[in-house]
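Here the chain labels run A, B, C and D in written order, and each chain numbers its own residues starting at 1.
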Amino acid sequence: MADEQVKLTLVEKLGRVDRRIIFLLMGVAVLIPLLIHYTTTIPASLIVQDLFDKVESLPPGSKVLISFDYGPATEPENQPMATSITRHCFEKGLRIYMISLWATGPRQATELIDGIITPEFPGKVYGIDWIDLGFKAGGQGLINTLLSDFTAMYTTDVNGRAIAEFPMMAGIKSLRAFDLIYCVGSGQPGNKEWIQFAGDPGRIPVGGGTTAVMAPQLYPYYPKQTVGLLGGLQGAAEYEAALMVKYPKYKTMSRVASEKMGPQVSAHLVIAAFIILGNVTYLVERRRQKKRQ
Amino acid sequence: MVTIGIMRYLGTVIALLAVLAIVLPVWADEVPLAPSDFRAFDSPSDHGGSIDLKWQRSPDDGAGGNIVTAYEISRSATPDGEFSQVARPLKGVTAYSDNGLTDGTKYYYRIAAVSAGGLSDQVSAGPAVASQQWFNKKRANLLVVACILVFAIAYYIYLGAKGRDLHIRRIAGLEAVGEAVGRATEMGRPVLFIPGIQDMDNVQTVAGITILGEIAKMTAQYETRLEVPVSRSIVMSTGRETVRQAYLEAGRPDLYSDDMVHYITDEQFGYVAAVDGIMVRERPAACFYLGAFFAESLILAETGSSIGAIQVAGTAMPTQIPFFVAACDYTLIGEELFAASAYLSKDKKMLGSIKGQDAGKAVAMVFIIVGVVLVTLAAISGNHAVSRAGEWIKNLFALRM
Amino acid sequence: MKRTIPLLITFAVGLILIIAMFIPHDPFFDMDRNFSIFYDVIAVFAFILGGGNLLRVHLNKVYLKRRDWKYSIVTVTGFFLMLLAGLLKIGVTEGWSGNFQGTGSLFKYLYDCTFQPLSSTMFSLLAFFVASASYRAFRAKTIEASILLVAAFVILVRPTPLGYYLTFWLPDPLKFLTISNLSTWILAVPNMVGQRAIMIGIALGIVSTSLRLILGIERGYLGGE
Amino acid sequence: MEAQPILTSPFAASLGMWIGGLLTLMILSFLYRDNPFYKFAEHLFVGISAAYWMVVGFWTTLIPNLIARLWPSHMGGILPSATANKPELMYVIPLIFGLLMLARLSPKASWLSRWAMAFVIGFAAGTNFTRYLQSDFVSQIHSSIAPIYSPGMSVMGTIGNVFSNLVIFAGLLGALIYFYFSKEHKGVFGRTARFGIWVLMAAFGATFGYTVMARISLLTGRMDFLIKWIGGIFT
């Protein structure tokens, strides 16, 4: 009996942990990964892996349209998505066409060019491997027009040079010329518009990434209308992980989303552990009470 | 510098010519056929200042020579005065709204199709005059829905006013209100009431303040201390009127003081910091959170739980209900908050309005069931008539802006 | 006089705003547009009541040397510092016509080094409170509580390796049960329906409460005769 | 900016960093227990923020939307863009209501403030009525009317899709019935309401779990700030 009593109080104690201990562990769980720059590798979920596999399946020379439909406000979430797809496309020898439905988009594209393309892929030639076509107003109306006639809207690149100068623009008559449309979005116009006005009517594969806030509204389009989706920081980190598995050289390079996910993962695990602890002790206590009755 | 400019200009021209030479060898000099059936008329269902334009596509837009890239619309105040361009919609577009006009003025319009080779012949329309309308036809369906709801609610209020006995089911969270105040009295500790962090322009705050009136009657009877920190000045004013009236009705005006309801700050987290301070220092035995809440909901509820208070929450903020459900003893979910003031007051007219709400819910459910059945049957059978009936019901609830 | 006129004002203002929704013609359209500015202006006047009350409470504390009265000095000092910095546009380079929170102004400086860190730290306390609330509340005591627990847990472990290892071994026909697919489903189906039902209910509650206010049935806020 | 170098100087920046860092720690100390540091930060926050919103209200509402509309020609020194406008006499109304609001300060005239409150309540009722009717009631019913079965999918896809759609349909009706107040939750009615509660609970759990990530991001942001501040001291 005495033995039982001691055990009981232990279980009871575990069922009523002082909240300050929880607070302390949460603080540590967030602080430590930040201090040691811990990066996690989160296995890609199906919705992300499908998108990765789609890019992986494209033959060299395929055309990928990346639409920068976001601004500085959501940069922490969106920029890593643009970085990963760019790295992946160039590894596979695909061609990248950048456009933007948001006036704030070209700035983000420039950031990508200066931060990733120029330093990491010096061998890739502007106009042959990639091109920046800039921003055009119109949202869904623009997409609609591009679907039937791309060159009606884009006669020059972002710097005002005629597209005829660029070999990679030859044969781009409509959106149907692209093998994948990849929208990095954060609202309207964005992923939904690309799916509804380009993907669905033109039967063009559409994928992309969006912020965590927008993601739940886009899940219903998967897998019928969208190839895959990166939801928030987590989706971005999963793509980084998938890229790293396939191309190990990225293990040593900056993986922004994965770094930011470090504190997230450890903190989530702490919470999950406490939920499990609470339930296990609850069940044990209940069983003991029943026995006693 | 000048030479560079000219060179660049020349370069662009040559490049353009090259594009034209390659892409459009045949159509290079061709102008498209003009659009047809161009009409200009006052935009319907609006506040004036706008004229709608409609036209049929040029035969060369999407068909024929397929060389149209856009349309050019221009406007003038006289039929043969100077026309200035107002818009350049893309090809494939057949409508445009011209805004920012003066009501009562005659406007004339012209449209032409644009191609690389130049402009088509111009087509004229007008004059058209912008004006305000007396009814927004786009919202006719909304008016019908509003009338149904208003009628249902008003009808039951009328029944209530006539003294008809209207039964309302027990609402668990509300039974707890009296219990919580009672416990605070036994323990000799205060009751804390938070009417949310929004101003009186939010109906949730109004509902919260109405419930505050009922709670204040109890604290007056039990002689329990009531503390109401608020984050909006107008809420402070209305809160004081409400509590004063409640103490008067309970026969204890002597116990009322303006200091019960006091203002802290409009800032969300400044307010929360202060309320947290009040909680840990005054240790209320009962905490009520009834009104509109944002992220602070969980900070308040967790601090309240740490001091062992009985907590009753209620809000219509869908994002915050989960946190109250997790951390409080009782939570009024969404609509229950609005039913609460009527329920507690036991006023017949107020109870009638809840019955009216239920009638509205019944109507909504009937339309949803019939609608879902029809569109499902249409999807299975492909029957045209069923499909049209389903769409008709669905469109009753379509928003046209 | 004390109750009838206010009830008439409420009735008229409420009705005009509802009418303006269906009649885009003046004067309704104009009133609809102006009323929200009227409201903002009234709220600013009310600030005098609120701020006055705050000062009265804290000065009283100091005067009567009540518990924690020394901290009340901090409140009053902070209040006047911020108020004067903003109203007098201290440090604003363009003079009286400049932006009161422009770069270089004392108001903006005070905002950046006190208001902003205080506010975001208070907000970040939520990270700790979600943890303590999860531990306490998510226990499988009833069927309802179990559903709450399972839904929260699935969504919670989704971004962690735990979420992956819990279900990665499922055979292909059962792949739809993996944590990531399950969480997608929970977000897209029950979550969406729950939100929708709550929104419909809330809308009815608000329509009904608004009607009670316009008709003067709910009038506790007015006080007595 | 050159005329006022003090507040934009590196010294001011580093002083601001210190103040911000110390205040951050003071607020975090509340997690352990109430203490003098938290009390200090809390009281400072209340004073500063109350004045902040008053100042914002003064410069962004009272001046441009009341004073400048009534006496535009006098605004030269403060709001030069307004001087060309004509006075809008209609704005005497909010001025009167605003002054009536202040009648509360005198016990004898305080009943006059009810007129202002009545305007506020009427405004609340009118705007909320229309807004919620449109965006919550009508549009949610509109999106609820969707077919349970849609053709053209694989067998497994169809089964999954029909199942999800049935959950959506039954869950919506169940949850609406849960909110039905006129009838006790008994029998079939009660069982449907019970299913409604389950769906609501799943929704609550999902929202809770989904929000956790955003909350931890906030803490990460604060920790980043602290690391930068403390790291800056030692380098």
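Here, a residue touches a chain if its C-beta (ideal position, glycine included) is under 8 Å from a C-beta of that chain, and two chains touch if they have at least 3 such contacts.
Since the model is a prediction, treat every value here as computed from it, not as a measurement.
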item	value
Chain pair with the higher count of C-beta pairs in contact (A-B, B-D)	B-D
Farthest chain (mean CA position) relative to chain C	A
Length of the line joining the C-alpha centres of chain B and chain D, rounded to whole Å	14
Distance from the mean Cα position of chain B to that of chain A, given in whole angstrom	30
Inter-centroid spacing, chain C versus chain B (mean Cα positions, whole Å)	16
Intercentroid distance (Cα basis), chain D paired with chain A, Å	28
Numbers and ranges of chain B residues touching at least 2 other chains	142, 146, 149, 200-201, 203, 206, 234, 237-238, 241, 263-267, 269-270, 273, 281, 302, 318, 321, 323, 325-326, 333-335, 339, 354, 357, 361, 364
Residue numbers of chain C (touch at least two other chains)	18, 21, 39, 42-43, 46-51, 54, 68, 115, 118-119, 122-123, 125-128, 130, 132, 134, 136, 138, 148-149, 152-153, 156, 158-159, 187-188, 191-192, 195, 198-202, 204, 206-207, 209-211, 213, 221-223
Residues within chain D bordering two or more other chains	27, 30-31, 39, 41-42, 45-46, 48-50, 52-53, 101, 104, 114, 117, 120-121, 123-125, 127-128, 133, 137, 141, 144, 172, 176, 179, 200-201, 203-205, 207-208, 210-213, 216, 219
Touching residues on chain D, where the partner in the complex is chain B	27, 30, 33-34, 38-39, 41-42, 45-46, 48-50, 52-53, 101, 104, 113-114, 117, 120-121, 123-125, 127-128, 133-135, 137-139, 141-142, 144-151, 169, 172-173, 176-177, 179-185, 200-201, 203-205, 207-208, 211
Touching residues on chain D, where the partner in the complex is chain A	31-32, 153, 210, 212-214, 216-217, 219-220, 223-224, 227
Chain C-facing residues of chain D, complex	1, 3-4, 6-8, 12, 15-17, 19-21, 23-24, 27-28, 30-31, 39-59, 61-62, 65-66, 77-80, 90-91, 93-95, 97-99, 101-102, 104-105, 111, 114-130, 132-133, 136-137, 140-141, 143-144, 160, 164, 167-168, 171-172, 175-176, 178-179, 196-213, 215-216, 218-219, 221-222, 225
For the chain B and chain C complex, residues of the former touching the latter	45-47, 132-136, 139, 142-143, 146, 149-150, 153-154, 157, 199-201, 203-204, 206-207, 209-210, 213, 232-234, 236-238, 241-242, 244-246, 248-249, 259, 262-270, 272-273, 281, 295, 298-299, 301-302, 305, 316, 318, 321, 323, 325-327, 333-335, 337-339, 341-342, 345, 347, 349-350, 353-354, 356-357, 360-361, 364
Contact set on chain A toward chain D in their complex	20, 23, 26, 30-31, 34-35, 212, 216, 224, 232-234, 260, 263-264, 267-268, 271
